[in-house]
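Letters A, B, C and D mark the chains in the order given here, with residues in each chain numbered from 1 onward.
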Amino acid sequence: MGMPIARNLLKAGHQLTVWNRTREKAEELERGGAQVAEKPEEACDNEVLFTMLADDAVLEEVIFGIPHLTAAFPDDAIHVSLSTISVALSRKLVEVHEKAGQKYVAAPVFGRPDAAAAAKLFVVAAGPSAAVSKCQPLFDVIGQKTFLIGEDAPASNVVKLGGNFMLGCVLETLAEAFAFVRKYGVDPHKYLEVITGTLFSAPVYKTYGGIMVEGKFQPAGFTVPLGLKDVRLVLAAADEAGVPMRLANVTRDRFLTAISNGYEDCDWAVVARLSAEDAGLES
Amino acid sequence: MGMPIARNLLKAGHQLTVWNRTREKAEELERGGAQVAEKPEEACDNEVLFTMLADDAVLEEVIFGIPHLTAAFPDDAIHVSLSTISVALSRKLVEVHEKAGQKYVAAPVFGRPDAAAAAKLFVVAAGPSAAVSKCQPLFDVIGQKTFLIGEDAPASNVVKLGGNFMLGCVLETLAEAFAFVRKYGVDPHKYLEVITGTLFSAPVYKTYGGIMVEGKFQPAGFTVPLGLKDVRLVLAAADEAGVPMRLANVTRDRFLTAISNGYEDCDWAVVARLSAEDAGLES
Amino acid sequence: MGMPIARNLLKAGHQLTVWNRTREKAEELERGGAQVAEKPEEACDNEVLFTMLADDAVLEEVIFGIPHLTAAFPDDAIHVSLSTISVALSRKLVEVHEKAGQKYVAAPVFGRPDAAAAAKLFVVAAGPSAAVSKCQPLFDVIGQKTFLIGEDAPASNVVKLGGNFMLGCVLETLAEAFAFVRKYGVDPHKYLEVITGTLFSAPVYKTYGGIMVEGKFQPAGFTVPLGLKDVRLVLAAADEAGVPMRLANVTRDRFLTAISNGYEDCDWAVVARLSAEDAGLES
Amino acid sequence: MGMPIARNLLKAGHQLTVWNRTREKAEELERGGAQVAEKPEEACDNEVLFTMLADDAVLEEVIFGIPHLTAAFPDDAIHVSLSTISVALSRKLVEVHEKAGQKYVAAPVFGRPDAAAAAKLFVVAAGPSAAVSKCQPLFDVIGQKTFLIGEDAPASNVVKLGGNFMLGCVLETLAEAFAFVRKYGVDPHKYLEVITGTLFSAPVYKTYGGIMVEGKFQPAGFTVPLGLKDVRLVLAAADEAGVPMRLANVTRDRFLTAISNGYEDCDWAVVARLSAEDAGLES
């Protein structure tokens, strides 16, 4: 995801210093005009630092490594975390940057890599309003719309996780519905046509319904472990806040089952296969 | 639902004989040109009989009462059941009408009363193809589109129940998501704006999300007991076919809880209140 | 179950007229001194009628067949239903017998066939107290203890279903626990030894834990469809009364999955295999 | 729990150096002959160190504080962790002590404080067999029986967590069963008498069933947050190993709901109140 975002920023004429654990990736951007940093701390020398990393662990390693990245930030620098991370880590970043006299903006995005390439991401931003305002032109370059959630940065992560939770629920819903109608001999293509042609017109139903109907779970657009990572973040945040989420439990269990049964490299829509198997259908 | 459908048929110039348990309702249609039957069997004297009744019990009472309604059908008459009924009853109707030399078409519809009034229903039809074809002009009068599911009438009920199941899942998904974000202090209006403005653009998310955000569960568009009726039909059909449906269990439990706690007259979106209460939020 | 119960009654010197759908079974009892009835109504000619039938459908067929069995009862006769039946049917029997001037006692039993043979059943009786008292000597012959639930016969069925629900929960609990410890390389025999040697000393844990640890699900002591029948009765009664039962949902889903995947003839403890498979364990 | 265990060790003539965050508690033991350490590291000066701490966080703080506690251990010392901790932390302790040339034995216990006082604990021990053997006389002093799980210390924690999971399931099972029978007007005392007098004779059913029937959730024998802590450990370990545990999800959700609704200081049996509320019963 970081690559297309960076390309769009370069195309828009912004100066970029980039760092990636796999240096070759960063070098691709060099041709587009970016400077390549040897170490993360060398990429902090600008007004704004965007991070787009795989998960909490990687982001923590980069930020709280030695040297602590905050030490490398200029005064008043803004750290914008685009990654889907835990609410807890987001809260920790608020504190750390505040203490270091820096600004932290949480700006997770909705959209797959193709949306990133087309600058069609949805940005969900929260943080100190001056900092968010300053970043707005950058968000406009990478996305089609920015939603402003408020001053409390982690709220943005909560919204993002809420959205991801809902996606997982769509998958499980479709998976169970397909098992149900198939067991009664209904053609799943026909079923998908009916539901997306009536009440469930949102693209997510078409996209994932289509994958399920074809049973084409590879190549994966979004793998099961990534789905599991997201629902774990949801459940961790919900647990911390005292919110039981029954459907999140179901989706988590499905992803665990999928991975334990060898579907690790499949698209997370493979939960449809599990529902089918539960019903004794050839999957 | 039967009233606006009948009105549209009358408007299109069809001859109607109507029967309703509450005679006044039938009389309303008389002014539009319908004949009013005293008894159900007097309404069977035409080529096609549409039934739109509250549930299995009522439909069974009407059809299998004394006299058995099939005795009142002319040869080759077609019974079109528009009601959301059980797969089992639909299968029984296939047999009964077949034995009596009559045709049975299952044609449940998607759409609320306002859609019925606007002739914008979605008709999901299945049954003997000649019979379905003969009914097509009638479906065109009452709906915006007809989906043809095949020769097996109950398959149509399966599709309809599958769709209703999915609606219930949308409610529960939204309910849990709102509890989650609210517990973190996120404004639910803002959250709804983000999700419906990004991945969940289908009207059902807007409609039910809106009701939940406002907490305005009365007057009810669709009451909890109706939602419960539908998910019971789904679970009964799924049970019979050997299909476990975890999310249907959750929605059923919510509706039971709602009714046991005095929310009987509320819109089924009131499940959002239950999720909120679970999380200790003021609902 | 009916056979050992009848044998114990004969042994205790009671006069019996017996009827069974499979006449040979009834004839076995003839040698012990019972009279064999050709038809159910011929078995009603005594002070007390015990019925022990497979399920609601069979009991309804026998009682509400033609002729209606209540017509064959002498005045003041007592019908004692030992079967595990629905609360709804039990309530219906109360009404029907009351109307016919007869008494109805619900007396479902806890215990497997070997317990019945050893006259070690637990009888859970409810109904008009005079009728229950009159039956007490009979209960003493077939069981080790009678629990008196009160005047309302169906309450007895509720208690019985509640107990069966709890048994199903023990199975699922053990199944999940075994999957958990096995995935960590713990010897399940060892685990079973620990839990039954500490907190879970009840025989049900030993019995079912032992079956699971050995993976010996055939021959079945109690098959999956029987387990499914019971949890369906629980869920139906709970639904009617507005009681959500999350664990009952889980056990029902497991039994459905088991049957849909070919474990129909296995002991209901086979749910352990499903939990193991979910975790990717060789089952 | 640490206090009665220490008292029993003293009574048996063992030399103890004790440390507790609340010094007064340690001083109580001084009168019994124990030496009181000012700091944790001063308590490490013997052949065996027993730790009994509230949770992972506290144990980590004590062991991995500054100075790192392993530095204070004599060569060949044995660290016996009696606490209910995570499988992950137990694994980490194996590594840390191994690296430092020390032995680590995981020996979580089953039993409440009164069992500890009566030296009736059940010890579930695992670790290097020489180390476990050396500790056996100590286990004999504090418990009634030791179960040996093997050489892999964390396996012992897995067994303990599996047992705690099962306890939580008993609570939820009872809670749902009581709601079910109560809604049908059955006296819960009577129900409890039946089930504990038949199939569910294990003391846990009597103990928790009794608390539920009385509705006496305070003073708490074991509070909701402690139950939540345990099921979180179970779910974390299960998640890591790829084991879906549906019942653990349910119990976790109940404890979250309880805490979010002000039952924080209640016995974890208070889940019965939640089930009752779901069914619309006065709790």
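Rule of thumb we're sticking to: a residue touches a chain if its C-beta (ideal position, glycine included) is under 8 Å from a C-beta of that chain, and two chains touch if they have at least 3 such contacts.
The structure presented is a predicted model; accordingly, all values stated were derived computationally and were not measured.
Peer 1: From the C-alpha centres, identify the chain that is farthest from subunit D.
Peer 2: Between subunit D and every other chain, the largest centroid distance is to B.
Peer 1: Find the geometric centre of each of subunit B and subunit C from their Cα atoms only, then give the gap between the two centres in Å, rounded to an integer.
Peer 2: Roughly 38 Å separates the two chain centres.
Peer 1: Specify, in ascending order, the residues of subunit A that touch 2 or more different other chains.
Peer 2: Touching at least two other chains: 238, 242-246, 253, 256-257, 259-260, 278-280.
Peer 1: Using the definition of touching given at the top, classify the network of chains in this structure as line, ring, star, complete or other.
Peer 2: complete
Peer 1: Give the list of subunit D residues in touch with subunit C in this complex.
Peer 2: For this pair, the touching residues of subunit D are 87, 110, 122, 124, 145, 147, 149-150, 152, 154-155, 158-159, 161-163, 165-167, 169-170, 172-174, 176-177, 179-181, 183-187, 190-191, 193-195, 197-205, 234, 237-238, 241-248, 250, 278-280.
Peer 1: In the complex, go through subunit A and note every residue touching subunit D.
Peer 2: Contacts found on subunit A: 232, 238-239, 242-246, 249, 252-254, 256-257, 259-260.
Peer 1: Using the touch definition from the top, list the residues of subunit C that touch subunit A in their complex.
Peer 2: 253, 256-257, 259-262, 277-280
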